[in-house]
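Two complexes, one shared chain (chain A), two partners (chain B, chain C).
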Partner chain A sequence: MKWIPDLGINYVLRLDGLSLLFVLLITGIGTLVTLYSIFYLSKKKEQLHYFYAYLAIFMTAMLGLVLSDNMMVLYLFWEMTSISSFLLIGYWHKRERSRYGAKKALYITVFGGLMMLGGMAILSNLAGSFSIQTVIARAAAFSDSPYFILAMIFIMLGAFTKSAQFPFHIWLPDAMEAPTPISAYLHSATMVKAGLYLIARMTPVFAPTHQSWSVTIMIVGLVTLFWGAFNALKQVDLKAILAYSTISQLGLIMSLLGLGSNALREANGFYVAALAAALLHLFNHATFKGALFMVVGIIDHETGTRDIRRLGGLMNVMPLAATLAFVGTFAMAGIPPFNGFISKEMFLESFVHLSSIDAPTLSTLSYIFLFVAWIASVITFVYSMILFFRPFTGKQKPWLQPKRATHTPLGMAFSPLVLIVLVIVSGLFPNLFANRLITPAIHSVKTTLNPSYELHLALWHGFTPALWLTIAIIAVGTVLAVTYLKWKPAIQKRYRHTFAWNDVYNRGNYYFEKLSYRSMTTVMNGNLRFYLIILFMTFILMTLVGVLTTDSLDFSMIKLTKIDVLDVLIFIATAIVLLAIMLSKARLTSVILLGALGYLIAIMFMVARAPDIALTQLVVETISVILYLLAFRFLPQIGKDEEKITPFSWRLWISLGVGFVMFMVVFSSFNTTFFDSVLSPYFIENAYTLGGGKNVVNVTLVDFRGFDTFFESAVLTIAAICIYSLVRLRLNKGDKQHEE
Partner chain B sequence: MELLMSLLIGLMFTAGVYLILSKNVLRIIIGTAIVSHGANLTLLTIGGIKRGNAPILLDGLTLFNDPIPQALILTAIVIGFAVTALFLVVAYRAYQENGTDMVNRTRGNDDDDD
Partner chain C sequence: MILHVSIYISLVLFGISIILFLYRVIKGFFLADRVLALDCIGIALVSIAALISMMQNTPVFVDVLLIIGLLAFIGTVSYARFEEKGQVIVRDRTKS
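Take a look at the complex of A and B:
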């Protein structure tokens, strides 16, 4: 559809395997979330029309994002998701935390969005088209360009901020202030995957020529994976655990995408397998994380708290919710027979393979990668177990639960139930989904893949190294989870006051505000003299720089006219008068000296053979002096509060500078005549014949250039009106009397 | 002559700026008046001085001074006068309202008085 065809920005939709996977996730989970929210939100207390409007905007934006082929349109939808997410996080806008979280999410994602816009602008400039497909097709031609790297960094920044990658993950835990359906939808299943989508979409552009693309994404993903998992251990709020686990899982997918993007450069089967693992886990994560959020919402809704220290023994009261949580957490931990197991196996396998082959640059790092991935998986297992066993088993704590009759409402349980069924079915029959959804998605990321390629997934695939790693994960994880209460306080205590990225954000905000306030109050300090000094300094510097760099000074004495004795006398007199004005302390002296200066200038005009201005100058100067004297009656003595004139103050230096610059400019400018005046001879020749007057100046004023004179009279009139109204109008007189 | 005039203009700007940078409103107004005198002289000087007769077409004269700068200066003098008059009245009114004629004491808000 045409939108701005002149700029090549059109609304182009393109549906391929990758888009289809996302579209199904967005619409499917969107429907379930909508259903869930009907039962979750109160019809009486909440302003539901806003909620569903924002949700619909978000869904539209998200669909537009994954479907559009035009980069500018993609960016448009990208920012639409940011904005609707901002609105949804701040849905309970009367809470301070909600507003904080919403603002934080907006700042970070919009920062990334703008970076991405920059990257896309570069790409479209290089490729000469806004179409992603065209960029992919032409990418190899301009991959040597230095801007290409820049575009790569920008696009990565966009994706990392949106997908809450390290260190931009800090907004996601604070976005948990949103209503739970929103957290389930936006912050686990869809919006945070927009960054993954972007990476997957842009992989054919960058990966074939630049290994740094793969390596950076892989490292960032692994760091996020570990950091998110580690932080999830410290949390006590169920939603916070889920938030950090989302960060961690997104990191996992990101690292797999990075590893898999090697497939576009090197023909090696296991890179493709890594891609498959990424896309499969993307799908799996959306299912079980959405379900888990909804279950937490049910617990919150029914007990009134999400704090794991206050919950316990819910298994007997909420058996359905417990079942759902069981499947969800075990899928997240990567335990058979649920779908998380398969993708986690593939994840481990990919990194085992990476360490076993001779990858040119990664050979030494790959063992570290594998180790980090394994540790993170252990931690994932631990917090998944905590997530299930803490609220659902143990002793019931009735005194802490406001509602006695806790049960699982069926309407709310329906949506997570559907998702959990998906988790089980896609775990038991992985090929059912894989070859319909995942394989086409792989094909659209790795465009050069053999069209007949098909995925073969199975729960059981023999004793591979990955299986042993999984067994080790379960073993170590179980030990850790059982002894959880013993070491958790230590961790919490040890790492509570250590460096946190939130501090960076908060302090950065604080210092930015402080800095801007400081600089504003320093520069705009309300002191007129300060502004004037800056103004004059700028004048001096700009003129000096301009004059000196362009070599336009001309001090030749050729054109000078001769100097009379009279001139010298006038000069000396004026100089004395000026000096006296500067030094005078009494106001009367100053004004009389100013009058003297005016008359001297009138004499100068006479000497310069300009009788009309001499006349005007005399008259105006007389009236001015009278005006000054009139004003004196109402003004206080001058110099009462005036600082002493110190001979070498900054004031003097600035004024000397201005004077010197003016001298320089004036003296060299009449020397540099670019062309002789055409107008003056014309005026002189035609003053009598055309204007009918012999005084050329007067003819110029009223005839040749009468408009100037007209508006000059207007200026006089306006000044007169202003003076009149200033003297007569006293609007705030009443207030003054009132104050007194 | 032009050298002399340029020096004079420089001197005038020095004095004018010096006065403008003072704290007293009246001195500032005097400073602006001096600067406007300086500007007028600048116009005259750049146009060229004493190169011919006054631009009045009398019989027998051929070489005239440039009439255009003179017309411009005439306009400038009148506008400068209007502005000076307005300034004075504003200063007078400001003194009436604020009770001071020191610019550093008249700020937007009364709190941050130094």
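Take a look at the complex of A and C:
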């Protein structure tokens, strides 16, 4: 559909495997979330019309984002998701934390969005089209361009901020102030995957020619994976744990995407497997994380708290929720027979393979990668266990909970139930979904893949190294989870302020505000003298630079006329008057001297043979002196604290500089007349014949250039009216002093 | 030629006298001194304008002469009035 065809911006939708996967996630989980929110939000207390409007905007935007082929339209929908997410996070806008979280999310994601816009602008410039498919097709032609790397960085920034990658992950935990259905939908299943979608979508552009694309994404993903998992250990709020776990899982998918994007450069089967693992885990994560958020919402709804220190023994109270949470957490931890196991297994396998092949650039680092991935998986196991066992087992603590826990409401449990069933089914029969959803998605990321390629997933595929790693994860993780209460306080205490990126954000905000405040109050201090100094200094600098760099000064004295004794005398008199004006201590002296100066100028006009101007000058000068005297009573005396003119005062040097520069420019421009004046001879010749007057000046004023005179009369009229109104208005205000 | 030289000489003399008047304007003991000196400058200007018009052999400066005479008078009167009453145009005549 055409939108702005002149700019090549059209509303083009394109559905391929990758888009389809996302569309199904968005619509499917969207439906479930809507259903869930019907039971979650109160009809009486909440303003539901806003909620569903925002949610629908978000859903539309997200669908548009994954479907559009035009980069500008994609960007439009991208910002729409940011804004609707902002609205949804700040849904309870009377809470301070909600507003804080919403603002933070908006700043960070919009920052990334703008970066992405820059990247896309570069790409479309290079490719000559806004269409992503065209860019992919032509990418190889311009991959040498230095701007290509810049576009890559920009697009990565956009994706990393949206997908809460390190160090832009800080907005996600604060976005947990949103209502739980929103957290489930936006901040686990869909919006945070927009960055992943972007990476996957742009992989065919960047990955074939640049290895840095793969390596950067992989490293950032691994760091996020580890950092998110580690931070999840420290939290006591169920939603905060889930938020950090989301960050961590997004990092996992991101690193797999990075690893898998190597497949476009090197023909190696396991890279494709990594890609498959990424997309599979993307799907799996959306299912179990959405379910977990909803379960947490149920707990919150039924007990009134999400603090794991206050919860316990809920298994007996709400068995259904416990079952759902059990499956969800165990899927997240990567335990068979749930779907998390398969993708976790493929994840570990990818990194095992990476360390076993002799990739020259990655061989040394690959063991570190594997180790980090393994450690992060252990931590994931530990916090998943905490997430399940802390609230649901142990003693009941009803005295710590605001509400008496009751049965799980069936309406609320329905949506997570569907998701959990999906988790189990896709765990037990992985090929059911894989070859219908994941394989086409892989095909659309790696377009050159053999069309008959098919995934073969299975819960059991022999004693591979990845299986041993999983067993080790479970063993170490169990030990850690059992002794959890012993080491947790130590971690919380020891690492509370280590690498607190939130502090960086808050302080950054604070200092930026302070900096701009300071700079504004320094520059805009309301002191007219200060502004004048800046004005004159700019004038001096610009003129000097302009004149000196262009070598346009000309001090030859060819055109000068002879100097009379009379000229010298007038000059001396003028100089004396000027000096006296500057040095005079009383204002009256200054006024008189100013009049004397005006008369001297009139003499100059006479000597230069300009009778009309001399006449006008005399009259005007007299009138202005009289005006000064009229206003004299109201003028302040020259203050005693007036700055003395010393050789060190700024003002002296600036005024000298201005004078010098002006002198230089005038003198040199006098010498550089590029052509003789055409107008003057014309005026002189035609004043009588055309204008009918012998006074050339007057004929010019009223005949040749009558318009200027007309508007100058207008200026005089306006000035007169202004003065009149100023005086009258002042009297009307009842200023008795002048009403004599 | 003699005329031209003499005009020139008198112009220079008037120039010097204006500079001397200026000295009085700047270093006046009272305001009256300054105003008087300014008036003298005005009259000297009349002469200078006349001399210039003679030198440049043109009648166009005659208007200037008249105007200067007039203005010098008006200016001096307004200064004097300012000195007497503190302002130039006095609204309330009963107070004067």
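Methods note: the second predicted complex is superposed on the first by the 721 of 740 C-alpha atoms of A that agree within 3 Å, B and C clash if a C-alpha of one lies under 4 Å from a C-alpha of the other, contacts with A are read in each partner's own complex, and residues count from 1 in each chain.
Methods note: a residue touches a chain if its C-beta (ideal position, glycine included) is under 8 Å from a C-beta of that chain, and two chains touch if they have at least 3 such contacts.
Please read all numbers here as calculations on a predicted model, not as lab measurements.
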**Asked** In the superposed model on chain A, is it clash or fit for chain B and chain C?
**Response** fit
**Asked** So, A:L618: does it touch chain B (first), chain C (second), both, or neither?
**Response** second
**Request:** Answer with first, second, both or neither: which of chain B and chain C does A:L410 touch in the superposed model?
**Result:** neither
**Message:** Going by the contact rule set out at the top, does A:V504 touch chain B (first), chain C (second), both, or neither?
**Reply:** neither
**Request:** Go through the superposed model and pick first if A:T589 touches only chain B, second if only chain C, both, or neither.
**Result:** second
**Message:** Is A:V607 touching anything from chain B or chain C once the two structures are fitted on A? First, second, both or neither.
**Reply:** both
**Message:** For the overlaid complexes, name the partner, chain B or chain C, with more touching residues on chain A.
**Reply:** B
**Asked** With the two structures laid over each other on chain A, which partner does A:V565 touch: chain B (first), chain C (second), both, or neither?
**Response** second
**Message:** For A:L629, using the defined touch cut-off, is the partner it touches chain B, chain C, both, or neither? Pick first, second, both or neither.
**Reply:** second
**Prompt:** Given the touch rule stated above, what does A:S680 touch, chain B (first), chain C (second), both, or neither?
**Reply:** first
**Asked** Looking at the overlay, what does A:V696 touch: chain B (first), chain C (second), both, or neither?
**Response** first
**Message:** After superposing the two complexes on chain A, what is the shortest C-alpha distance between chain B and chain C, in Å?
**Reply:** 8
**Request:** Determine where on chain A the residues touched by chain B overlap those touched by chain C, and list them.
**Result:** 607, 609, 611
**Asked** Can you list the chain B residues touching chain A in their complex?
**Response** 1-27, 30, 33-34, 37-38, 40-42, 44-58, 64-68, 70-71, 73-75, 77-86, 88-93, 95-96, 101-104, 107-108, 112
**Fill in**
In their shared complex, chain C is touched by residues of chain A numbered 565-566, 569-570, 572-573, 576-577, 580, 584, 588-589, 592-593, 595-596, 599-600, 602-603, 606-607, 609, 611, 614-615, 618-619, 622, 625-626, 629-630, 632-633, 740
**Request:** State the interface residues of chain A toward chain B in the complex, per the touch definition above.
**Result:** 526-529, 532-533, 536, 557, 559-564, 567-568, 571, 574-575, 578-579, 581-582, 587, 590-591, 594, 597-598, 601, 604-605, 607-613, 616-617, 620, 623-624, 627-628, 631, 634-636, 638-639, 641-643, 651-652, 654-656, 658-660, 662-664, 666-667, 669-670, 677, 679-680, 683-684, 687-688, 694-697, 700-701, 705, 708-709, 712, 715-716, 718-720, 722-723, 726-727
**Message:** Under the stated contact criterion, what part of chain C meets chain A in this complex?
**Reply:** 8, 11-12, 15-16, 18-19, 22-23, 25-26, 31, 34-35, 38, 41-42, 45, 48-49, 52, 56, 58, 60-61, 63-64, 67-68, 71, 74-75, 78-79, 82, 86-89, 91-92
